[in-house]
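Read from first to last, the chains carry the letters A, B, C and D; within each, the first residue is number 1.
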Amino acid sequence: MKQIQAKVTGNNQIAKDYYKLVFSWEPPPDTGPGDSYPDFPNPQPGQFITIRVSETTVPLLRRPFAFSGYNAETGEASIIYLKRGKGTEILAGKCPGEYIDIIGPLGNYLKKPENKQKPVLVAGGIGLGPLLYFSSMLDQWQIPHLFIFGARTARYVPDMNSLKNVAICTDDGSKGFAGTVADFLNNFEEKELEHTMLYCCGPLPMLKACHGFATEYDLECYVVMEQIMACGVGACMGCTIKLKKPQGYARVCTEGPVFKSRDIAWT
Amino acid sequence: MKQIQAKVTGNNQIAKDYYKLVFSWEPPPDTGPGDSYPDFPNPQPGQFITIRVSETTVPLLRRPFAFSGYNAETGEASIIYLKRGKGTEILAGKCPGEYIDIIGPLGNYLKKPENKQKPVLVAGGIGLGPLLYFSSMLDQWQIPHLFIFGARTARYVPDMNSLKNVAICTDDGSKGFAGTVADFLNNFEEKELEHTMLYCCGPLPMLKACHGFATEYDLECYVVMEQIMACGVGACMGCTIKLKKPQGYARVCTEGPVFKSRDIAWT
Amino acid sequence: MDLSIYIGGKKLVNPVGVASGTFGYGSEYEKLVDFTGLGALYTKTVTLKSRSGNKCPRIIETPSGMLNSIGLANVGVDRFISEKLPLLEQAGCALIPNIAGFTEYEYAAILKRLEASHLPWGYEINISCPNVSHGGFTFGTNPAMVEHLTAKLRRITEKPLIIKLTPNVTDIRGIAQAAENGGADAVSCINTLVGMVIDTKTKKPVLGNITGGLSGPAIRPVGVASVYRVKRAVTIPVIGLGGIMTADDAIQYFLAGASAIQIGTGNFVDPGIPQKVLAGIKDYCEHEGMKTIGDFHQFIE
Amino acid sequence: MDLSIYIGGKKLVNPVGVASGTFGYGSEYEKLVDFTGLGALYTKTVTLKSRSGNKCPRIIETPSGMLNSIGLANVGVDRFISEKLPLLEQAGCALIPNIAGFTEYEYAAILKRLEASHLPWGYEINISCPNVSHGGFTFGTNPAMVEHLTAKLRRITEKPLIIKLTPNVTDIRGIAQAAENGGADAVSCINTLVGMVIDTKTKKPVLGNITGGLSGPAIRPVGVASVYRVKRAVTIPVIGLGGIMTADDAIQYFLAGASAIQIGTGNFVDPGIPQKVLAGIKDYCEHEGMKTIGDFHQFIE
């Protein structure tokens, strides 16, 4: 975990209201050659950064975003974000060459599946980023997998050509499968599901549905959770979610954001 | 007094940290032809506008700026402002074509001098705008006048070629007269000062010095005052300054910003 | 949808008012605001004698807020009645003079004079100005005094009587209950919080009065919490204010239990805010199927 | 220039601390912050038993501020001593555990256990958490209880004893004086203001605990005013906090009368703030010819 001034190298719209920010931890020009500039530990899929989007006090708190990719050679990482409020609006205005104050990588991460396991990645909306990154790691490990992406309508679906095996679901049927990702999952035959493992990231109702599905077929299921954050580093106890007893509350920023879905006290 | 969305037509730096914003009260494109768009009463020199510089809550209050010019034919008006804080920083980022929320014209104004009177305009720093405008009115009325402008150093002096009779003073002598505008005034011979009238706008110490000078030689002296403002329209009683008894407090936004220097309870 | 509300049996056509001290005597905003869209206009606090107010400067911006130490500068009740009220005769919205005294006697005297005019719709009683330190103004922090004062004023007028509460107390509920017990028709909350800004260049407080009252979006969470607590302590209507800039802000107050709201600092930022807020409330009600302001009060236990 | 300060006869190398609850047990920020630059580290409030804290969500942003309703989630004093304190053995800055109990007995019991460790430099006593509604936590609003509690704790420790005050009272000066009379070595102010945000989409309070504590730049004017008032009511040092983000903010507190400051919410925004603030204070002192923090106290009467 480091705090650095990262250089924006790209910030482009990839679908309606969705943007991809690419940045590198090249030191700012005023960092003298003598100054040691921190190395960023390789980020893992599921891990996130927090960005201070503004120097003013509105918005005040740093905003958390999951890594959507990392290129160890170029030292470039990316996030995919939805422009939804004050902070992400400011973020969408950042231009290549500008520097952003980031802290990361933070949190735990999605681990490599064991042999035999057949990963199915289920992403909805802003859950896309971390699973795209995980998918690229699975490709690197040569683990075949299915990627399911759900969105409200076609306009919210970015280009997914880089994915080998992808199913797109839209609520209104304007692209791909007509229905939610949960509907899509329910079309599987029970026997197809042997050794299947779910990795899910997206809105809470989607995660709940995935958990329900996993419970029904007794599948292992990991979910990437969200909670409003203040510190992002485990100090404030603000980002907790409720786990089943006996664990009690867990901090999304430290014990998470990745949880086993069966550990969570879904409500 | 109206509240309108004015269109920025220019916003250029004219000296170190000084900018000139030009705007017109052309209606925004979404104002239908049926919608009546308010006419702006002709602004007078000394009058000001308040601008809502940001849609967020930082900065919160509107910022007041004096008119530095107005062209009745094109319907374009201007202000000259110093980039000094959060609000003016945002203002400096406005581009031609953008709309700004302004209320104006506000306050009283500098009146045409009587026959025989010889106006001397004394401006310091951000006091330049209103006196530039007044100078152009004097030209229109064909009243000869001297314009004295004071700044800390040459970098803060914009181009003043439009003025017929101008004396520039810099504290460090890097341009024009070396010394303050008060020093410059003190070089006048008493007899030269007959019928002289002072119109002053600038920092408080300068205004005080001008008032002292005017008192010494028994000259009429008008000063354009500043005070932090909230409403700008006379409602909040926030922008008061102290006058000599019996008037008590006066609102800069309503009874001012132009005051007779001898009415003010200088401290 | 019917957004009218009743206070002390009298109707306000809509729940959006402009707060005392931020709208002058009304006439100042005449050229910018269509008064007929306002539910109520609460005037600048009137005192028995005219007051010139506190030392300058009186205003400073703070993060998402502002401090003021106007010190109840006003023309006094007599000139208020002879010069200011008549200007508002045609305003087309409910006029609610806000009054303050240094003693119970003064409060009563002001109210009696105002009763001679038919123009006030009702009264808001300021027992909570943080910018005037003399005796009478600690009324607002003492339940027994609040009850006694309210009861006294209640005997003078049958028009709606609204007590304006200060947040600068340990338990605002006790003050609200005292107002209710004294016979108030409503309470409004909140007035400003005590605050201070120091100029590190001059090493002096910025405000001539040293401390001032904090208002604006910065204090909105305090206002919403106050309304929530007060509403659960009294049965009379609660009027909410503090940092309202948008319809969403106003709706938070309604959901917390307010029957009406006021816009204060927001008027300075954009005099169009009251109208925009009212329009936004209407949209919300339409969208959410709310028929009256009372419908807002069912969601939070 | 010597920026060290003394509290209860003990020295802090510089006046910049990090506030309780915003810096965890310290170890969380280890990788981001050089602790040797900190004057003091006030830990998350420790209670006698461990507490899992309030319902979620516990945090929401507000204009220039934030609400939290953590509810004193902590590991309890025993695990604090066995697991958390040792991690800070090498921290290189003064460790000031912040403690809270539900009864006088609990406060005393916690303090006694901590006294067994040599690591605490002193203690901050939280009598003012707005997020826990049980009996004991109304301590902070009652001068007699504050004096009695302070006196009791005074008999247990000779280390510096700092009482942390709440702004949610009618007269913070009375509470501060009670702490002084009870034998406190300093008071710190302010803790958070009670606030609430409602989600107009769900029509429910955002925080699981309904209300929370407001902190950040929004409340800075309230903090500065509190320090100004408290300083004029007591002779012991005052530690100022609330919304400090920059050296200028900290200097306002010093000019108001603070001998030291703490940074709370600011740590979340940028963990580098404490160091930047300290550097800025040094620059200011150099520029303005200030030799000690005491020099700040001469400017405002």
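Please note the rule applied: contacts are C-beta pairs under 8 Å (C-beta built on N, C-alpha and C of every residue); 3 or more make two chains touch, one makes a residue touch a chain.
Bear in mind that the values here come from a model prediction, so they are computed numbers and not experimental data.
Listing every chain that touches subunit A and subunit D alike gives B, C. Distance from the subunit A centre to the subunit B centre is 53 Å, each centre being the mean of its Cα atoms.
A straight line joining the Cα centres of subunit A and subunit C is 47 Å long.
Averaged C-alpha coordinates give centres for subunit C and subunit D that are 33 Å from one another.
Rounded to whole angstrom units, the spacing between the C-alpha centres of subunit B and subunit C is 35. Residue positions 63-65, 216-218 of subunit D are each in touch with at least two other chains.
Residue positions of subunit B with contacts to 2 or more other chains are 57-58. Viewed as a contact network, the protein chains are fully connected, with every chain touching every other.
Taken in their complex, subunit C has these residues touching subunit D: 62-65, 67, 141, 168-170, 193-198, 200, 203-205, 210-212, 214, 216-222, 224-225, 228, 243, 248, 251-252, 255-256, 284, 299-300. By the touch criterion given at the top, residues 1-3, 52, 57-62, 101, 103, 227-242, 248-249, 254 of subunit B touch subunit C in their complex. Contact residues of subunit D toward subunit B in the complex are 63-64. Contacts from subunit A toward subunit C in the complex involve residues 57-58. By the touch rule above, subunit C contacts subunit B in their complex via residues 21-24, 28-29, 31-32, 44, 52-53, 55-61, 63-66, 68, 70, 73, 216-218, 245, 265, 267-272.
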